[in-house]
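Two complexes come next, and they have one chain in common, subunit A, joined by subunit B in the first and subunit C in the second.
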Partner chain A sequence: MSAYMTGIIIILCLNIIIAYSVFLPAAAGQLNLGAAGFMIIGAYMDAYLSSADEGLGLPIALTIPAAALFTGLIGFLMSFPILRTKGVYMILATFAFAEIVAGIVLNMEVVGGASGFPVTTHTELEVLLPVTVGVVLFGFYLISTRFGLSMRSIHDDESVSLLFGVNTHLVKVGAFTIGAVLGGLAGALYGHQFDYIEVQNWGILFSIYVLLYVLIGGTQTPWGPLVGAMFFTFIPEILRAVGDATGIELFTELRFAAFGVIIVGMMVLRPEGIMTRTFLELLFRKSTPKSDIKLS
Partner chain B sequence: MLNLRSVEKSFGGLKVIDNVSFSVKKGSRTALIGPNGAGKTTIFNLLSGIYEVDNGSISLDNNDITQIPARKRIDIGMSRSFQNIRLMPHLSTIENVMLGQHHLANSARENFFPLGLIKSNKWAKLAEQSLIEAGLGTYPGQVVSELPYGIQKRIEVVRALVSNPKLLLLDEPAAGLNSSETAELQILLEKASSTGTTLLVVEHDMNFVRNLCQHVVVLNFGRKIFEGTPDEVSKDPQVLEAYLGGDDNNAS
Partner chain C sequence: MLILQQIVNGLMLGSVYVMVAVAFTLTIGMLNFLNFTIPALFMVSAMITWAATAAGFHWLVAATFGMIVAILASLVIERFTYRYMKAKYGDATEHALPLVSSLGFLIIFEHVVIMIWGTDPMTFNSPFAHAKFEISGIIFGIPQLISLALSLVLVFGLSLLLKKTQLGRALRSIAEKPDTATLMGVDVGKIVPVVFVMTGFLCALAGILFTVNYQHVSPYIGDHVATNAIAGMVIGGLGNIWGAIAGGLLIGMVEVLSIHFWGADIIKVPVWTLMLLILVFRPAGLFGHTQIGKGKF
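Our next item is the complex of A and B:
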């Protein structure tokens, strides 16, 4: 496999994990613009615990889960104030959360402040790939459970879910916290791929992109974040390849303008995302109506 | 089994429910009728805990439930349908029905069992069975927002029924249904009633009320104006006045 392909797959895997991190709360109706915040917490926690020079030098089998769980704990605590807000206010609250995290880490000398922090344990795809597969399977599993059903019910109608006995607050806190764990996981894994982390990697643009590919993928099914992350990772590369081959300016210098047009087009044509329930039904429709029971 | 005693509810300065008392007998089928704006849906929202009662009390089986939060009312045996369809539009028919089972399956083990991956589970079977009994067996996997209005309306009733309620509150279940759909709805409700479920129905269709219910409570402007059998109701001058308008002081 060429280094270019490996590089793309690494980015794809990280994008998929962070996509599920934002998707799970989104499936329960929460719009999270704080992906960067969780990524920063996970990345720095893991880097500090695992780095041999400036950190504690612990093995990554320990530090990656620890960083993910720590991020989950922060997410759990943050969910109480954040979940008091809804819709666009929730976007603002999560955005503010990410900015606060970035501000705090930038001023922490113990992790290098603005100059970043080196990660000494390098891994190749042998860690990232299985973890990504695991995250995708976990996403599908969680959505298929009654807990997942509660999440999707809250997305559609919170007050009716409540009347049917769903502990809506608990489910919302749960979805947000699990999302935070996955965000921390993505951050921790990032460091071991690129050997160096700095807060500037995860600005507001990063959070916007993650939320965008979750929404473009679709929040109704666990296929959404998978397809959305692939879409966002591959389309710019495909545009680049087309540009190199044809020399058309639209695909070379104006690559990102073309990408922007595609995104706007997607929002117009498929406002509920690429992977909707009805689209899946169309794809996988079974021939016998008796067995046509689909739950996920 | 259900008792409302001097229930009152105001929104701002407007008294929407004024000193309403009535009872629903165990196993009975009672209708709550009245002109638009009489407070029927408000009564339902008070019963299901969406609104808090300002004054008065509500009891179920001699237990005061006035202060019980909305989420717990399904546990004490109350379930409802809505005037405007409130199914989960992005869920399939069977998933909507499974939501109705939620309080029966609310343990950690049940909550994390992969219902959607292991499809031959008991909840799916139960849900499918209820749909077949309601004559809706052909739609289990379909996303409900794609189904016709009349079908959705009945799925809502099934969703409320699978929670095994003692008291089922139905807010205009026949509104917008054609005559054959109304007939099927009636069969469904009679079946539920025959297994011991008490029904309280808000409905405008008087034929439907006459066919289904033995007892009728009439509200107007937030007050109870009459209570009796369907035949008595249609002869009562006060009720006729509420619906058709009176001769005198109404003009001012």
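Our next item is the complex of A and C:
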């Protein structure tokens, strides 16, 4: 496998994990524009624990879960104030959270401040790939449980879920916390892939892109973040390849602008995202038995 | 004396934030829509003003170009964002649809500008670079002073328009309940573009004033200004025009003073913590009273 392909797969894997981190609260109707915040916490926690020179030098089998769980704890504590807000307010609140995290880390001299922090233990795909597969399977499993069903019902109608006895607050806190754990996991793995972390990598644009993976992919089914992350990772590369192959530089230069056009077009034509429940039925059930009794 | 000078500088910078914050607060208050194309509109008008001036046009002509392009772009954005919001899918992430489209537009504008002019910061040769006067040691730049006055006058006019005119009444009724507004004979499809024209106008003006005052442009200027304007808007209360003025000026001052005393990084934490606290515990903002978008909290 060429280095180029490996590079794309690494980015794809990280994108998928962080997409599931934002997807879980989104599946319960909570939009999170603070993916960068969780990723920063996870990356720095893991780097500090595992780095041989300036950190504690612990083995990564310990530090990656520890970083993920620590991020989950922060997410759990933050979910109480953040979940008091709704809609646009929640988007702004999570965005503020990410800015606060970035600001704090930028001023922490123990992790290098603005100059970044080196990660000494390097891993190849052998860690990242299984973890990614595990995260995807976990995402599918979680949505299939009763907890996942509650998440979906809150996504569709929160008041009715409450009327039917779903503990909506508990479910939202749970979804947000598990999302935070996955965000921390993505951050920790990022450090071991690229050997160097700095806060500037995770600005507002990063959080925006992650939210786009999820919303373009679709929040109705666990296929959404998977497809969304793939879409966002591959389309620029495909456009680049087309540009190189045809020799038309416009493709290479315009690939991100074209991307914006695709996003706007998607929202006009398919506002629920690429993967929806009806689309999945169309894909997997070849013949739906038609019932004579028409409900509602 | 140095501190007084910094306060003056902060107010001048704040006047740019005020206009962008008002643009944000208008769309949120009226349409419940966080318009992420605002940084792009700001940046596009600034870049066009710079490019047209560099091509030899008079700066006023250049600024007119910038403004027209921004307003037209804003109308195009309206077609592809808000208009599709009315389609009801009935789930909790539905309100994110226009947000996602506006993010798409942000990506389009930024990359088209980068493609045409590159990512390097450019210098704008302001015709007023030396127009300044001094009162007991404090230097006032005349263009900065004019932009501060202009932003206050504009926002005052806007608030009068909302309060007194037929159009303002229609806008406020849409802010409260679009369906009822339609029943009462307000043509929502015709009134909503007005909000977008206002947004485009305010952003373009802010962009042009920023270019003239600070004499540099780059494809990324919008992000920084918009982030600070969002902070100003939240401090003033979402949907509160006068709050956006106070918040914008406050953020401008805090930014300049903190750079003066401690450097730029450290102030982010208290400012954004304050923002988070306001959003969670007092979404109507520090000043409480909102003119538009009542009953959305």
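Rule of thumb we're sticking to: the second predicted complex is superposed on the first by the 285 of 296 C-alpha atoms of A that agree within 3 Å, B and C clash if a C-alpha of one lies under 4 Å from a C-alpha of the other, contacts with A are read in each partner's own complex, and residues count from 1 in each chain.
Operating definition for what follows: a residue touches a chain if its C-beta (ideal position, glycine included) is under 8 Å from a C-beta of that chain, and two chains touch if they have at least 3 such contacts.
Since the model is a prediction, treat every value here as computed from it, not as a measurement.
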{"item": "Partner chain(s) touched by A:His155 [first = subunit B, second = subunit C, both, neither]", "value": "both"}
{"item": "Partner chain in contact with A:Val268 - subunit B first, subunit C second, else both or neither", "value": "second"}
{"item": "Contacts of A:Glu237 with subunit B and subunit C, given as first, second, both or neither", "value": "neither"}
{"item": "Touched partner set for A:Ala96, first subunit B, second subunit C, both or neither", "value": "second"}
{"item": "Touching partner for A:Phe164 - first (subunit B), second (subunit C), both, neither", "value": "first"}
{"item": "Residue contacts on subunit A - larger count, subunit B or subunit C", "value": "C"}
{"item": "First (subunit B), second (subunit C), both or neither touched by A:Glu54", "value": "neither"}
{"item": "Which superposed partner A:Thr145 touches (first subunit B, second subunit C, both, neither)", "value": "first"}
{"item": "Overlap of the subunit B and subunit C footprints on subunit A, listed as residue numbers", "value": "155-157"}
{"item": "Subunit A residues touching subunit B - in the complex, by the definition given at the top", "value": "140-141, 143-150, 152-153, 155-157, 159-168, 220, 277-278, 281, 289, 292-296"}
{"item": "Of subunit A, residues touching subunit C in the complex", "value": "26, 28-31, 81-82, 84-85, 87-89, 91-93, 95-97, 99-100, 102-104, 106-107, 114, 154-158, 204-205, 208, 211-212, 215-216, 219, 253-254, 256-257, 259-264, 267-268, 271-272"}
{"item": "Subunit C to subunit A touching residues, read off their complex", "value": "28, 32-34, 36, 80-81, 84, 87, 89-93, 95-101, 103-112, 115, 223, 227, 230, 234, 238, 265-266, 268-269, 272-273, 275-276, 279-281, 283, 297"}
{"item": "Residues of subunit B defined as touching subunit A within the complex", "value": "48-50, 70-75, 79-80, 82, 86, 88-92, 94-95, 98-100, 102-103, 105-106, 110-117, 119, 123-124, 128, 138, 140-143, 146, 159, 163"}
